[in-house]
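First chain A sits with chain B, and in the next complex the same chain sits with chain C.
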Partner chain A sequence: MNNAPEKITVIIKGRSYWADSMGRLRRRKLAMGALAVIAAYLAIVLFIYAAQWTSLDIPILNWGQKIGAEYQPPSRNAIFGTDFLGRSVFRKTLYGARVSITVAFWASIISLAIGVPLGAAAGYFRGFIDDVIVWLYTTLSSIPYILLILAFALVLREKSLNLKWLGVGKVELSGIATVYLAIGLTSWVDICRLIRGEVMKHKERDYILAAQSYGCGSSRIIFRHLIPNVFHLIIISFSLRFVSFIQAEVILSFLGLGEKNNPSWGAMIDAARLDLPKGYWWEMTAATVAIFLISLALNVFGDALRDSLDPKLKVQ
Partner chain B sequence: MTAYIIRRLLYTLPIVFGVLLITFVLFNIVSGDVSDQIAGKAASAETIEEIRAEYGWDKPLFLSRDSQFINHLKNSLTFNFGRSWSDRELIIDKIKRGAGPSLCLTVPMFIGTLAISISLAIIVAFLRGTIIDVLSVFICVAMMSIPFLSFILFGQYFLAFKWGMFPVFFWPDLPVYKYVALPALIGIVAGLGGNLRFYRTVMLDELRNDYVRTAFAKGLGTGSVLFRHVLKNAMIPIITQVVLAIPFLFLGSLLLERFFGIPGLGYLMIDAIGARDFQIINAMTFIGAILFVVFNLITDICYSIVDPRVSFE
Partner chain C sequence: MCYCRDTESLTTRRTTAILSGLLSFVLLITSGCDLASRQTDDNTTTIYGAYTAKVRGLDPGDIGDTTSSIIASQMLECLYQYHYLKRPYELIPCLAEDMPTVSADGLTYTIKIKKGVYFTDDVCFADGKGRELVADDFVFAWKRIADIKYLSKNWWIFDNRIVGLDEFREYTKTCKRAADVDYSKEVEGLQMPDKYTLVIKLKKPWPQIVYLLAHLPTAPIAKEAVEYYGKDIINHPVGTGPYKLKRWHKGSYIEMVKNPSFRDEYYPSEGEEADAEFGILADAGRKLPLNDRIIMVLVQETPPLWFLFMQGKIDVSGIPKDNFAEAIDFRGGLTDTMKNRNIRLLTFRDPSTYWLGFNMEDEAVGKNLPLRKAISCAVDRDKYIELFTNNRAEAAYGIIPPLMKTYNPDIKNISETSYDPQKAIELVKEAEKIHGGKLPRLRLSMPGTDAVFRQYGEFFKLCFSKVGLDVEIDYMDWPTFQNKIKTKSAQLFSLGWIADYPDEENFLQLFYSKNKSPGPNNFNYFNPEFDRLYEQICVMGDSAERDALYRRAEKIAVKDCPAVFLSHGVAYILVHDWVHNTRPHAFGYGLSQYRRVDTAKRAAYDELLRSLK
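The block that comes next holds the complex of A and B.
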């Protein structure tokens, strides 16, 4: 009995779904270029965190330092020029990646952590549980997204979260935590709806019936059988939502609801708003280019990932 | 039919209740009693008591006939949101006043976006597989990657400030079309990438159908096939998009109104965030959700009238 499946694998020698998709992805030059850009941004962010933890004093990360006169245009000793305090715009742009990527990362984690289990539970159990979860996300999605996110960000700002029941104690919500909580708590609806629909389809398949007849419990079926089979949807949604999280962070920071003490791209645009009419274009341009490059890379890579992972395209 | 409409109406009740519950949790429980913030630093205890009484924060949250929750339901459902903290004006009056300027901006922007992106999408979809198609998809993705704020700031700086083609800022004496032109243009350009890509996919699905081949085989011209046959059939997904976008038109555009000083609802919200005027955000959230629910209802009822296949059961 145990040998049977092994025999079959030896005969077919098939490639797994993931190996197949990754091979397709690797053949796309543009997508690989985009991946390199994403990796570079991640490397910068990890480097900043590493420097912070080891408290190394690396000059290029010291964004608060005055390196020259105020409002210097881009030149050899200040690549992107200087801001109104004579600080390097290049260093601020690098540092801004930390806020944006961190916010987008935690927002994605929160929205997946809420959306995936709820969607799977709703699709698997149906009945009353389904009704409650559908009611919850229909309600949330009937509030215009920008209003919802603003309401959450406004209300959560400068609050402390009581996590005594988790054994953590009180956690003060700083600017950055407010932003990713607000984005994460409001953006799980789409992924939840997607997973619910997909789980409802998969539930009727034979492998779930087999698992049920083996006597697997509901949680085992959901987490070990259903979620791995819809996992490509989670990855696609994650890579495409990441862009919108970065853009949302920029807007919230710009509105003054975000990080206050460290530079972020949104705050740079807010500062540049008054500088632009005076002809100081470089801070605005640096922030725009930084956002543009990561968004473009994520969009291109996300699209390629969707094309490689989506089984429907195999047919064509 | 009547039974269907009534059932559909009843179905919206839990949604409205859910929205009220969310706004209550956000603005009465999480944010809670902010009377000391309204009163300012040098306020006496009596002033704070007065403010607490006005906003009802001295009452119990639930479990009473006069609780905060019951009052929240009552006030929201009668659109009585109280007065703004900063200038003591009734919030509902502020919202009524802001809706006009917001619509002046968003309606032309919306119609422009639809007309331009749908016509371009038909052309791009027809040229599928050619270099023009590949290039335009890439340009769309690139345009989607530029932050909205950059579109606004650079557009305002170059087109209005530097080259003087448009007024830089809202001015009450200007005719509407003059101060709306530039923000609407920026809104159209900023949204073009995403919209064009979406409608291209809709059109591509439509172009694969057999009737398109039949129409070409009959000897019809390209323009006639694309704009008379394909566009008509692609209208169903487009109309769904359009109707569901209408409630957002009332809410105006947060950032465009802020930059161009248009006194609409977006501007009102930015002001409220700056002044931490929670009640205005609460009112706007509720009204936005109600509009969305109502338009959703209208779409469904229209479908059931137009499409005989929709069952009433």
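The block that comes next holds the complex of A and C.
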């Protein structure tokens, strides 16, 4: 019996770039641990916002409440001890996450919103536009970063933004808004430079030439073709810069330019600076450990994300 | 002197302070070592001090800050000075021969100037030899303050006081250049019948003038010095005082040496009863100054100052807040660390009052007495003093501090604003009725943005929230704060006052309606009865009747509750055992001449430190 061989069709399903990257990321246990820490911080922040919006009175978030004697060391009643007014340092530390993470989030969004389009425009159009943008960011980057943030924070303080055209009206800039605006407006240079270089590289590739030959407009090419292809860099930059924005917020708060009416980690460190010589170490420790954990987690996760999204960049 | 706690820690200065702090520490170590080695090399006795503020300039006409005043007062003198030892504080002649002769109407003051007082030798004089002081040197100095081209910050002293001086100021406005001002132009109220007599004619009685004549800006100045040094006179004080400037390393230290042409002045032989017992009168009758040299080290922050004091490189120090526990134990006495170093503690009352002021022209608080009282009753003053001053203050319920003669110990009961949260809650309900509904969110302006001010703010916020008051704290830098006060746009504000001279009028003027913002009445307080009393008081000489009126005026203002009076300061000073005759003084500045140093004891301190290790 002559049996004709059976035709076997094997359909190999291809994996997308993102699925491939996420697969690589999931295999990294340390990164997953870091992600869990980040998720915990984010959950705390979202929980605080939810409680605020719904006006829920949750004792653990009532940081202004006196829970015991002043300067009580860590104990069962006060897990991280109490501050100079007998308030819980633990509650202040939790609440401080809201300020730091909100600032870092919005500062990242602002810096990306400025840096990515400018970088893409400079890299794509070159010529005069490139010259102007490069001149602008070279000038900005020549000013020491912290001094630049301080200058912006001082200028923006107690000012108001007229957003009538958005139907919002006048928005007073104070505390937290000043901080993320100051950080966001001053820290777009690196991402701009990165995107410019990457766009210059991609501009010469076939898919862009094809799009151009089809008659696509510049904005369509930039936003539909170029930016999606460099998006992994934006994500990596977002995660790695998030931590530096948290640190910038801490510095600004420490220097008295940050959030004033609510606790933040920087403000806690600034206040604890006065208490440390008296032997009251717990407020300083709590704020520092909170910053350390989120910084470490973001750095570990950011590195892992970079290696997963762009294995070519992997540090050997 | 308008004062806010810890103005030096304004946030805008913080970043530069970090760098300059490091730099000054290096300089200090260098200069400190240098000073220590010189100390043992020669036989001169030297006073070593340190200050944590900039010396802005030593030109008396434009002097305004405390550190500059202290340093300049060692070299410059006024017509009058405070007796070093007598309490209550008493004025005595300095460059004047005697106390002034006052006409019956209180408008003419005749002052005889001491003969044989010479300016210190300086290149500005012919042959470099200091010439004799004459009445014209005072007239010149005061006309200079009036000169609009000179832009002195001390014009307030003479503003609308002396006949013809305001007209002289107007005349200087018409001059195109500073050099065009003719100082020989006569001022009717400043006459010199002879070169040792000064006659001052006032527009209206002003008994406090004698205190101002002991205030450094009214010190005489030699025309030759102004002409020779020009704008650089801020670096070249040419005075008649016990010391003269030898060296000034900007940002590092100032060295002053005994003025060889200083006249014969002697250590006082009278003081308080306990002075003899404590050896303060041991040097009675000795020629001043009692030491040859003063070195004032200039630092930017308190840690290096404390370090220098503990190492014995400076003689006297205040106690920085952060080092309080190291110096003072829980009973309020010295710790063993201090006792083992033979360090002594001196305390004295400051002529100061600190408050949270209400803007009486503000719709919400100005017209609502129960609300102001509720806020006042909500503040736990004792806790405030414990937390922020290490108990170095007394609770305040009125304007006049305990140091002053007419301090009213019963003012607490009169004001009815002692800490009582329950009463505050009742008052809030009453205030809501007056307001016609729920009270709006109130705003408290703080004159600083750093951690210390944030702690103040958080404390007040906690106090207010306990009685159901919603108060938002606005932290701002000092210029913004001042602008807010001057434009009457602050609702509640944190401020204080340190008296310029020992007269209660200096406090009561803060509530006089004609002094409303931008004047010193930051409360914008107005009470016709108070005004009438104040106008009556401020032309009266010292008398029991005036004292009674002071008390009455204070009572009127306190009953209206224009402020939450918080505290009256108490100063703590630490002194090494080799310094003698250290008597704290709330108003006097040029006091180094009275101090005596035991160089042998100072030299033994290093050994003592080694043994303690």
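Keep in mind that, in the parts below, the second predicted complex is superposed on the first by the 296 of 316 C-alpha atoms of A that agree within 3 Å, B and C clash if a C-alpha of one lies under 4 Å from a C-alpha of the other, contacts with A are read in each partner's own complex, and residues count from 1 in each chain.
Assume a residue touches a chain if its C-beta (ideal position, glycine included) is under 8 Å from a C-beta of that chain, and two chains touch if they have at least 3 such contacts.
Just so it is clear, the structure is predicted and the values come from calculations on it, not from any experiment.
**Student:** Touching A:V189 in the superposition: chain B (first), chain C (second), both, neither?
**Tutor:** After superposition on chain A, A:V189 lies in contact with neither partner.
**Student:** Can you tell me whether chain B or chain C touches more residues on chain A?
**Tutor:** Higher number of touched chain A residues: B.
**Student:** Thinking of the overlay built on chain A, is A:K66 touched by chain B (first), by chain C (second), by both, or by neither?
**Tutor:** Touch status of A:K66: second partner only.
**Student:** So, does A:N299 touch the first partner chain B, the second partner chain C, both, or neither?
**Tutor:** After superposing on A, A:N299 lies in contact with chain B but is clear of chain C.
**Student:** After the superposition on A, what does A:L257 contact: first (chain B), second (chain C), both or neither?
**Tutor:** So A:L257 meets both chain B and chain C here.
**Student:** Taking the superposition on A as described, I'd like to know which of chain B and chain C A:L181 touches: first, second, both or neither.
**Tutor:** Neither partner.
**Student:** Kindly classify A:F84 by the partners it touches after superposition: chain B alone (first), chain C alone (second), both, or neither?
**Tutor:** Only chain C is touched by A:F84; chain B is not.
**Student:** Touching A:A267, do we find chain B (first), chain C (second), both, or neither?
**Tutor:** So A:A267 only meets chain C here.
**Student:** Looking at the overlay, what does A:S142 touch: chain B (first), chain C (second), both, or neither?
**Tutor:** First partner only, chain B.
**Student:** Classify the contacts of A:L156 with the two partner chains as first (chain B alone), second (chain C alone), both, or neither.
**Tutor:** After superposition on chain A, A:L156 lies in contact with chain B alone.
**Student:** Determine where on chain A the residues touched by chain B overlap those touched by chain C, and list them.
**Tutor:** Of chain A, residues 146-147, 150, 154, 255-257, 273, 277 contact chain B in one complex and chain C in the other.
**Student:** Which residues of chain C touch chain A once you look at their complex with the stated criterion?
**Tutor:** Where chain C meets chain A, its residues are 11-12, 14-15, 321-323, 325, 387, 448-455, 457-459, 461-462, 465, 472-473, 475-476, 480.
**Student:** Can you list the chain B residues touching chain A in their complex?
**Tutor:** Going by the criterion above, the answer is residues 14-15, 18-19, 21-23, 26-27, 30-31, 141-142, 144-150, 153-154, 157, 161, 247-248, 251, 254-255, 269-270, 273-274, 276, 278, 281-282, 284-285, 288-289, 292-293, 296.
**Student:** Considering only the defined contacts, which chain A positions touch chain C in the complex?
**Tutor:** Listed in rising order, the residues of chain A that touch chain C are 64, 66, 70, 84-85, 146-147, 150, 154, 158, 255-257, 260-261, 267, 270-271, 273-274, 277-278.
**Student:** Taking the complex as given, what residues does chain A use to touch chain B?
**Tutor:** Against chain B, the touching part of chain A is residues 135-136, 138-140, 142-144, 146-148, 150-152, 154-156, 159, 243, 247, 250-251, 254-257, 265-266, 269, 272-273, 276-277, 284, 287-288, 291-292, 295-296, 299-300, 303.
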